[in-house]
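Please find the structures below.
Both complexes shown next keep subunit A, but they swap its partner, so subunit B is in the first and subunit C is in the second.
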Partner chain A sequence: MAYVSTKPTPPRKPPLNESTPLGWLKVNMFDTLFSSVLSILVLIAIFFSLKSMLTWGFIDGVWIAETRRECFQISIDGACWAGIIAWMDSIFYGLYPRDEIWRINLGGILLVIWMVPLWLPRVQGKVFVGFSAVALYPFLAGYLFSGGDKGIFVQVMIAGAIVCLVALTINAALGYFKNANLPNVIIDRLGKNDAPEKQKRNILLGVLAACLVAVFIWQLSWVEKSISWTRWGGLFLTFVIAGIGIASALPGGILLALGRRSKLKAVSFLSMGFIEVFRSVPLITVLFMATTMFPLFMPEGFVLNKLAQVIIAVCLFNACYMAETVRAGLQAIPKGQFEGAHTIGLGYWGTMGLIIMPQALKHMIPNIVGSFIGLLKDTTLVSIIGLFDLLNILRTISRDKPWLGLHQETLVFGALLFFVLCFAMSKYSRHLEVKLSTGHK
Partner chain B sequence: MATGDSGSEAARVKPQEKFNFFQDERVRSIFFQILTVSVVVWLVWFLASNTAQNLEKRGLSFGFEFLGVAAPFDPDFKLISFTPGVDTYSRIFWIGVLNTLYVSFLAIIGMSFLGFSLGIMRLSNNWLISRVALAYIEIARNVPLLIQIIFWYSVVYAILPRLKQSLDLSGGAELAFLNIRGLYVPWPVPGDLLWMTLVALVVSVIATYLYRRWAQKRQDETGESFPMFLPSVGILLGLPAIVFLTTGSPLAWDVPALQGFNFVGGASLPRAFIALLMALIFYHSAYLAEAVRAGVLSVNKGQTEAALAIGLRPGKVLSLVTIPQAMPAIVPPMISLWMNVVKNSSLATAIGYADLVAVYMQTSLNTAGHAIEIVGMTMGFYMITSLTISWLLNIYNKRVQLVER
Partner chain C sequence: MSDSKTEQNQNTPDKLTSAISSEIMIELDKVNKWYGAFHVLKDINLVVHKGERIVVCGPSGSGKSTLIRCINHLEEHQEGSIVVDGITLDKNLKNIDHIRTEVGMVFQSFNLFPHLSILENLTLGPIWVRKMPKAEAESNAMKYLERVKIPEQADKYPGQLSGGQQQRVAIARSLCMNPKIMLFDEPTSALDPEMIKEVLDVMVELADTGMTMIVVTHEMGFAKTIADRVIFMDEGDIVEENEPGIFFGNPQHERTKLFLSQIL
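Coming up: the complex of A and B.
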C-alpha cells in the first residue's frame, strides 16, 4: 500500500518545561491520568499520617510529668515523652554511678581528639593515627571506664596511649597550621638539622623514651574507683560493643580473607570452614553458645565475664562477614596488579599491603560501612541474653512502676536514635566513595 | 631442586642457585601449613580436654540420650501435637524446626512480593511514588530488626481490641477474628471425595503447561501470538472448580467460635507470630527492593530502547526484555536474603514465639542441660538449611551462565 502525504504534518507540541515549578510537577507527578490519581492518593495518605504523627508526638505530647498516669491526665492520646526524659541518664549511661559519668564523657572526647587528625587536611602520618587508635586507645579507655587496679602491662599501655595522644595532637596542630610534622620540629629545635639520619632517629627515640618514662611515673599515682561491668549500660554499652566489634572486624576479616585465598591448602581450607560456619548460623545462636559453652571450654579457674564472652562472639561473627566483603573486593582487583607488584620485586605481604589492599579497600567502602551498620544494629541482640544495652534499658522503662506500659514512646525513641546513627554512617560512606574515587574502576 | 641445566644452549649459563632450606618456597609452604594445622589441632584438643574435665567435675555427661526423655513443658505454638510429660525432647526439636520453617516460609513469600513491588515503585517515573518507596527503604534498613519486631509486638498489643470486643474481619459473618491474643481464621476440613479435586488440580496444571508450550511453539513457527494469561487462569481455576462442585463440595470449614474465655476451632495464629512475620517482611523487603532496583538498572538502556523501537508495548518490554535480563542480577542477592530471613527468624525468642532457638536452645537447654549437644544441633540445622540454599543458588547460577550476556 502506497501512501503519499499531501499536506505537511502538524508541528509537535513543545516539550514540557521542567525548569518552572509547575512544569516540574506536571512532568514528575502528573504526566498521565493514572500517575496523577496515584500522586493525589499518596499525597492524601502522607498528609494524614504526618498529621496524626505530629499530633501524637508534638501537639498532644506531654513533656513534663511525674508518672504515666499524670501524662494521661494531661493528654490521653498524646505521647508521654516525660518518661524518656526522666530516664535519659540511664538511656545513655546505664547504671553507671552518676558522679563518675565524666569518665565516660572523657573517654568519648579523647576518642574524638584521637580521630580528628584523620579528617584534617595537611596532617602527616594518618595511617599511624588510625592504627594507634585501634591498638592503644582501648587500654586507656578500658581503664577509664572500669578503673580498679592495673597490671604492669596495662600501665605501660596507658603510658604509651597518653604519650601517643599528646604527640598526635601536637603533630596534627603543626600539620594543620604550619604544614610541618612533629619529628622535624623536634630535630629543628634541638639544632640537629644537619645530623645524619641515624643520629636523628636515635634522638627521636630518646625523646620518646623520656616522655614514656615521665608519663609512666605520673600514671602510677592515677587511680580511679573500680566500676563493675554490670553497671555499664545504655547507649554507652552499645557503643563499646559496636566499637570493639568494628575495630577488630576489619583486621580479622582481612586476615581471614587472605587466608581463604591463600595458596596454602591447609590455611585456605581452615579459613573457609571457619568463615562458612559462622556465616551460616544466626548471631543469637553464637551469643548463646558464647554464654553457655565458654565456661565449659575454658580451663579451670579461668572465669570470663559475660560482657567479654559477648564481645568475643560479636568480634568472631563480624570478622567472618567482613572476610567475605574483603574477598569480594580482592576478586575485583585485576590480575595485572598482582603481576606488576611481583615484577618490581615485592613479596607477598608487600604486594598485599602496598598494592592490592589499598585498592581493594577503596572499592569496598560502601560494603564495609554496610557491615558496620549491620554490626551496630546487631548489638541490640545482646539484650536477649540479658545485657543492659540501649534496647534493654528502653524495655526496662516500660516495666518501671511509674511508667508501666510505656512501649511506643521508648521504641520510637530507640528507633529514631538508631536511624540517625545508621543513616549518617551510610550517607558518609557515600560521600567518602565519591571523594576517594579515582575515576577509573 | 634448583640445579643448573646444561642443555643445548651452552652459551647461556644459568646462575647456580644454591638450595637454601629456609628460603625455598616449597619448604616454607609445607612448614607454614604444618604450623597452622598443629596450632588448630592443639587448640581443638585444648578446648576438648578442658570441656571433658569441666563436664566430669560438674557430674555431667555427653550424649544424646536426653532426646528420648519426656519434656515437661508445652510449646505455645506447634504444628504437630505435643503432650507435655509424655512426648520427648526430640519432638520438641522438630516442633522448633517446623515453627522456624513455617514463619520463614510465609515471610519469604511476603517479602518477595513486597520487595519486588517496592523495587518497581522505586523506579517509577512518578517522583512522589519513588520518594515514598525510598523513605520506606531507608526507615526499614536503618532501624534494627529487633526493635522492629518488638515494635510490632507491643504496638499490636496497644491497638488491638480485647477478647470480648474481637474484631470480625469477615464483616459480620463471624468467620475470622482478630484480638489481642492473635488471629483466628477458619480451617478447611477435607471430605471424602476431595482427592478428585486435587487430581483435577494436577491435571489442570499439566494442561496449562502443555497449552503454553503449544502456544509458544505456534508463535515461533507462525508469528501469531496467542492469549496466554486468561486461558491459563481459566484452565487452572475452571477444571478443579467444576470437579469440586460436581462431587458435592467435599470440604467443610472449621470456623472459630467464642466459647468461654477463648476461641475454639479454626486455626489460630498467636500475636507473637504475626508480629514476627510482619517485621521480617517489612525489614527484608527493603533490602530486596534495593536489589531489584540495582538489577533492573544493570540492564543496558539500549535494550529497552531497542525493544520499544521494534514496536513492543511497554508492558511487554518489561516482561520480555528487561526482567529476563535483570533476573540473573536479582536472584543471587534475593536467595541470600531468603537465608537471612531464616536466620533472623531466630529473633522470635525476644517476643516468645516458639521457634527453634526459643523452644530448643533456650527452654530445653534450661530444663535438660546438655549445652553442647543442643547448641550443636541448633547450629547444625541452620548450617544444613544454609548449605541447601547455597546449593540451589549454585544450580541457578550455572543455568543462567549459559545465556551469557
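Coming up: the complex of A and C.
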C-alpha cells in the first residue's frame, strides 16, 4: 500500500519527567513494588546508622574538657572531641615549632597562588605554570620549611622561583582582567611594539635577567632558622610526601611508559625490569628497603636523611604504577593518530607530546586520579617506619597522659580528613573529565 | 553511489587538462616489501612526474595502500629504492621527517586529532614543524578551510563534524603544510554515499591546480575525470598501467577486465 507523509510529526515531551522531584522519586526509587521495598529498607538502615552516629558524635559529644576523665564525667557514651581540639596544632603541623608555623602556612599559600592561574580562564601559558610549579616551587618551599644555610644552587633556584611566581601572578591577572599577557605588556610599556621579534626577545630576556639579579641579591639577606625534618609531622608531612609523590609520579610514569614501548631494546628492557620489580614488591617492603638497605649501597660518608629516602621510595614506587596506567592509555590510541601526526611531519617527541600523550592522559584521568588517591592514603605507611605523619600523630594522642586510650575519636577524625581530601580529588577529576571532553567519544 | 558519480560528471569537466612537467617527483625502483612471510609488493617500478595525477586501483589485498604508504615511509620497504623529490628514503630519520613535510597524506579514516579544534588541527603542523608564527598559520588555515568550503566549522572539534566534513578538514590539514605531493588512501571509502561527492569535488579542484597526486580509490568516474594514468594492481604486481580512456575502454589484461566488469 502506498503512503506519502503529508506533514512532519511534531516532537512531544517525554512521558515520565525526571526533572520534577516527584517524578524523580517515582522513576528512581518507587518504580516497581520490589524497588519500593528495597528503597524503604535502605532508608530505614540509613536512618538508624546515622542516628546512632549523630548521637555519639554530636548530641552526646564533649567539646570542652581538660582530660579524657573529664569527658567521661560529662558524658559516658559520647565522643570526646576535646582531645582532638587540644592536639589540633600537632595534627596539622606535627612537632614543628609553634612560632614558626607561619612558614608552613606561607608555603601552602604560595603554592595555591602558583596554581590559581591554571583554573582561571583567558590566562595564557598554562603549560608553563604547571612545569614551573613542579620544577621551581619545591626549592622555595623546601627552604621555607627547613631553613638554615643554603647552597649557591638553591639560592639561584629560590631567586628563579620568586621571579617566576611574581611574573606568573601578574601574567594571570593581566590575562584574567585584560585578556593580555605579560611579555606583550612589557614590550608595550617600553614602546618597542614595532621592533623585530629578535629584539623583543632580547629585551624580555634582559628584563628577566635584571629581575633575577635583583631578587638574588635580596635573598642573600633572607635567612630562616633551621628546623630539622624530625620535627615535621602531621597533615603537613602527609602533604609533603604525597605532594612530591604526585608531582613526580606523573612525569616519571610517562618516561617509564615511553621507555617500555621504546624500539631501543636496551631502554625497553630496563624500563620493564624497573617497573616489574617495583610493582611486585609491597610498598611497605620498599620503604623498609629504602631506609635500611639503601644506605648500604651508597658510598661511604653519603648520608641521606630518612625522610628523603622515604620520599624517593614513594616516588619510584608510584612512578612504576603510573607507568602502567599511562601505558594502558597509550595503547588505547589508534594507530591512525600516530600516522596522522607523522604525515604532517612531526617527529617522535612532537607526536608524543602534542598528539598522543594529551589524548592518552585525558582518557586515563579517572585511573590517574585513582592512583593519586591511593598514593595519598598509602603515605600512612610511613608511620610504621617511625615518621610522624597524620596517622602516627593521631595514635600518639592515645598515648598522651591526659587523653590515654582515646582511639575512636582520633581515627574517626583521621578518616574524615582523608575522606574530605580524597573525595575532593575524585570530584575534581570528574570535573576535569567533563571540562576536557571534546565530544569525540 | 552511482548517483554521486553521474552528478559529479555533470558538474565538472569530463577531463581536466593535464600539466605534467618533465621533472621527476617520485621514483620507485624494484621495490619489494614483505609482511612477515607474505610478499606484498613485488618488484614495483614507478615514475611519477611533477603535476601528474595517478589513480591506483585493484582488489583488496593487492598492495595498493601499502604502495603509497611506502612513499612517505609509513611502511618500510625492504628492497629497492624510493626517491621522493630528490631525496632517497633510507634509515636516515632526518630525510624521512623532511619528506613527510613535502608529502601530504589523506586517510580512509581521516585521522584528525580529536582533542584539538579544527583550526588547531590545521595550524599544528605549520606552527610546530614549519615554525610559522601563530597568526600567519591561522590566517593560512582559514584560507584552506574556505577552499574546502567549511570555514564556519573552524572552532568545532572533529567529533562534531560529519564524515565528509572531517575528510575535507583532513585534506585542508595536509594542504596547510604546502606539500609538493598529495597521497590519498581510499579517501571516500568510509563515507556515506551522500558525502562522497563533496570530498571528490574538493579533490577535483585540487587536481585542477596542478598538484602531483596519487589516489587509491574505487571511484571510477572520479578516476576518468582527473587521472593522467591509471594503475591496476593485483597480488603485489602492477598488472596494467594506461591512460584512463584506454584503461577503461579497452583493458588488455584478463585480470583487469574481470575487475572492471565487476565494479562498473
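Going forward, the second predicted complex is superposed on the first by the 397 of 441 C-alpha atoms of A that agree within 3 Å, B and C clash if a C-alpha of one lies under 4 Å from a C-alpha of the other, contacts with A are read in each partner's own complex, and residues count from 1 in each chain.
In the analysis below, a contact is a pair of C-beta atoms (placed from the backbone, for glycine too) under 8 Å apart; a residue touches a chain by one contact, two chains touch by 3 or more.
Note that the structure is predicted; figures quoted are calculated from it, not measured.
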First, second, both or neither for A:P10, with subunit B first and subunit C second: neither
First (subunit B), second (subunit C), both or neither touched by A:S280: first
First (subunit B), second (subunit C), both or neither touched by A:G151: neither
First (subunit B), second (subunit C), both or neither touched by A:Q408: first
Subunit A residues touched by each partner, larger count belonging to subunit B or subunit C: B
Partner chain in contact with A:S35 - subunit B first, subunit C second, else both or neither: first
Partner chain in contact with A:D378 - subunit B first, subunit C second, else both or neither: first
Those residues of subunit A which subunit B touches in one complex and subunit C touches in the other: none
Touch list for subunit A against partner subunit B, complex: 28-29, 31, 35, 38-39, 42-43, 46, 263-267, 270, 277, 279-282, 284-285, 288-289, 292-293, 295-300, 373, 377-378, 380-381, 383-384, 391, 395, 398, 407-408, 411-412, 414-415, 418-419, 422-423, 426
Residue ranges of subunit A touching subunit C (in the complex, touch as defined): 334, 336-337, 339-347, 350, 354-355, 358-359, 362, 436, 438-441
Complex interface listing, subunit B residues touching subunit A: 29, 32-34, 36-37, 40, 47, 50-51, 53-55, 57, 125-129, 132, 138-139, 141-148, 150-151, 154-155, 157-158, 343-344, 346-347, 349-350, 357, 361-362, 365, 371-372, 375, 378-379, 382-383, 385-387
Touching residues on subunit C, where the partner in the complex is subunit A: 72, 74, 93, 97-98, 100-101, 103-105, 107, 109-115, 117, 124-125, 128-130, 157-160, 173-174, 177
